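Two complexes are shown next, each including subunit A; its partner changes from subunit B in the first to subunit C in the second.
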Partner chain A sequence: MVISDDLWVQAAAFVGAGFAVGFGAIGAALGEGYAAGRAGQAISHNPSLSDDIVKTMLIGQAVAESAGIFALVVAMLLVFKDVEGESLLSAFAYLGAGLSMGLAAIGSGVGSGMPAGAACEGVARQPAALSTIRTNMLVGSAVCQTPSVFGMVVAFMLLFIDWADRPFWPTWAALLGAGISTGFSAIGPGLGNGITANEATLGVARQPETSGTLTNTMLIGLTVAQSTVIYGFLVSLILLFIPKPESMAMVAWAAPLSAGICMGLGGIGPGIGEGITAAYAVRRVARDVEQNVLLTRVMLVGQAVSESTGIYSLIVSLLLIFVV
Partner chain B sequence: MEIQGADMVRAAALLGAGIAMGLGAIGPGVGEGYAAGKACEAIGRNPKEAGLLTRTMLVGQAVSESTGIYSLVVALLLIFVV
Partner chain C sequence: MEDLTHVPKWFVTVAGMPLEFNSETLIMSWIVMGLIIVFGFLASRRAAFVPGPWQCIGEVILDAFEGLVNDALDENNRKYFPLIVTLFLFIWVSNIIGIVPGFSEPTRDLNTPLAYGIMGFFIAHYAGIKAKGFKAYASEYVQPMFFMAPLNIIGELSKVVSISFRLFGNIMGGTIIISVVSHLVYYLVLPPLLNVFFGLFVGTIQAFVYTMLTLVYISVQTK
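On to the complex of A and B.
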């Protein structure tokens, strides 16, 4: 039995759609469930405020949902993609698109749920600061979404750029590697940002008058924690847009695939770790705002050390792409 | 397509390098971040000891870094030596 290229591409598009919405649904669902759980707890402490708490929960859940919606959009595009006349390379581009979007949505979904839960708790404790709490929650959970946006951008590039003029060997591995790199490396920063935004939102609820300083410290911490997904995105761009000459050797495809796996997995740990660092720093700033400068400095030193393994991964990836 | 033995071994070594460094980076990243977070908390409680606490944090992180460096060494060996 001979199966035409079209059919392989169609099959890969369907599997890619499954990856996208399957992985993508994990994060948003967990995050929203977590927010709902804490909202319930908050209502049990202060039932008279249930309206405000439920509204806060719904706003927070809507932001957490967006990662799932991105994944759904990519899955829909893959399901209804017209594959007639596509080259076999498109099959790997579609698998990569599904992995990139699906994996990237996990961290963002869970992460965005955390500040939403914290905001519900905060509203129950400090109803007067409702709008300040909600603002901080929205800033934090919006930043949590950026890793999934990186995943979506890579998925769109894989979906809509015509790869047919590239040689099949070894380009297929570069396309798959590009999806894996951004997809996995987005998990860590998404989760880490959520941990930080959670503490910042609780801090604003504790001392609403310090919200400006707290939001600033939070944003500095979040930005540093984002860095590994940016490395992952960078490796994806290099894999996608620096073409390699045709080669049937196994080394030629093992290197780009391995580069994607290396940077992807390597981005998870530092993203989470730097988020934890920023969370403790923000928590202490919320108790004593005077120590803001000292704590920001210590936080940045600690995050820089925690970043090192992410940088090792980037170096090994670049070696695999350019030196081997 | 005929697969050459040496080519296959080299390809496996490259894949191994990526997996080694990728997975190896997870633990130190989280661990060092936690150490730094706790140091921030401790300095927040007792700012006078900031110097001592920062030093302790860096020593702890350096030890926690070691497995990341092992991964890096193994990855580089797999790429350049094997």
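On to the complex of A and C.
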């Protein structure tokens, strides 16, 4: 039996949709469960505040859910995509789109859940600072969503740009590599950002009057920890928009695919590590706000060193794309 | 959907050199600049002890950044304060102007964030050389060992990449989400909420983050 190209593309779209919503669900569900668990713990400490705590939990869960909703949107688009007359290249674009969105949603989902849980605990401890705690939580968990937004941008590019005029070999590997690069590299920063935002929200609950400085330090820590997903995004864009000449040689397709894998996996560790660095800095700032400037500087130096492995991955990826 | 990747362009030939201009980005940048100039004029026109509404808004923004700049920079480098506030105002207005129907964010075009990223890079390194002298500045690149120099240089360059792609990706992502989800729900109920979240909220946070990182880069170089 001969299977037509259309059928392959349709199958790839369905598999991509499965990847997107399946992986995406892991993150959002874990994050929300974690937030709910800590909300329950907070209520048992201070039952009279259960209304405020439940509301805070719901707001936090709504933000954590958005990573899952991005994944759902991509999956719906993949399921209902009209594949009539698409080239076989689209099959790999759809697989890449699913992987990029699904994997990117894991870190952000779990990460956004952490500040939500911390906010519930903080409200139970310091009910007077309710609105300050909620604001910090919202800022923290909204920034946690950035990695999943990058995954979504790559997924949409893969979905809606017409690749048919590129040669099948080796473009398929570049499309798949682009999805893998942003997808995997988003896991670390999403998770790391959550760890930082968690400490910052707890810190605001401990010392509400320092919330301005704390939110500031947190934002710097969060955004520096996101660097590796941005490198992943950069590698994806290079793979997508710099066309390669047609070639069936092994090297021609193995190089872009490995570039994606290299940057993708290389982005996980630094994202989490930098998040932990920032979390400790934020925790100490909450206890000793006078040392803010010094702590921020030490945090930046530590993050830069932790990031160096991510930069190695970026260099190897760029070498694989441009030199090999 | 196709308009996501379409960039309107002007083609001009100057002395035999074909030039391309991203017309939408240019026009929107001019509009943003015009808005900020009008705001600056309104805020400072009748500066009084009891401030009017425009002066009030201006003072709130300046006050907020004055504290941050004073924390981050020492006496000699306070001169970067106007730059930091202007950078924030421009990127902030650029990010949130997309909520006006028919207007697009200049920051959605990678060229805009990249231009300001490169500008911030050169200013930070100029400030560093000026504050410490060239020798002390250059010796930082061979820390902790001389063979780390290439890595340190790439680390510095990657800051430009991360600061500009972060802004670009967030604004681009917000625009895509708004247009796709609005399309899926037939433009009912959800679009205003999405615009508030991705346009106002994320746009403000990202403008602030961009400004703060530029400030931090200057601060790290000068101390």
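Operating definition for what follows: the second predicted complex is superposed on the first by the 324 of 324 C-alpha atoms of A that agree within 3 Å, B and C clash if a C-alpha of one lies under 4 Å from a C-alpha of the other, contacts with A are read in each partner's own complex, and residues count from 1 in each chain.
Just so we're on the same page, a residue touches a chain if its C-beta (ideal position, glycine included) is under 8 Å from a C-beta of that chain, and two chains touch if they have at least 3 such contacts.
Treat the numbers as computed from the prediction; the structure is a model and nothing was measured.
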Which superposed partner A:Leu257 touches (first subunit B, second subunit C, both, neither): first
First, second, both or neither for A:Ala279, with subunit B first and subunit C second: first
Contacts of A:Leu294 with subunit B and subunit C, given as first, second, both or neither: first
First, second, both or neither for A:Ser308, with subunit B first and subunit C second: both
Partner chain in contact with A:Ala67 - subunit B first, subunit C second, else both or neither: neither
Subunit B versus subunit C as contact partner of A:Val204, first or second or both or neither: neither
Touching partner for A:Val143 - first (subunit B), second (subunit C), both, neither: second
Winner by number of subunit A residues touched, once subunit B and subunit C are compared: B
Touching both subunit C and subunit B, counted on subunit A across the two superposed complexes: 307-308, 315
Touching residues on subunit A, where the partner in the complex is subunit B: 184, 188, 192, 228, 248-251, 253-255, 257-281, 283-285, 287-288, 291, 294-295, 298-299, 301-303, 305-310, 312-313, 315-317, 319-320, 323-324
Contact footprint of subunit A on subunit B as seen in their complex: 1, 3-4, 7-8, 10-12, 14-19, 21-41, 43-45, 47, 50, 53-54, 57-58, 61-62, 65, 68-69, 71-72, 75-76, 79
Complex contacts: residues of subunit C adjacent to subunit A: 1-2, 4-5, 68, 71-72, 151, 154-155, 158, 161-162, 165-166, 169-170, 172-174, 176-177, 180-181, 184, 197, 201-202, 205, 208-209, 212-213, 216, 220, 223
Subunit A - residues contacting subunit C, complex: 70, 73, 76-77, 138-139, 142-143, 146, 149-150, 152-153, 156-157, 160-161, 216, 219-220, 223-224, 226-227, 230-231, 233-234, 292-293, 296-297, 300, 304, 307-308, 311, 314-315
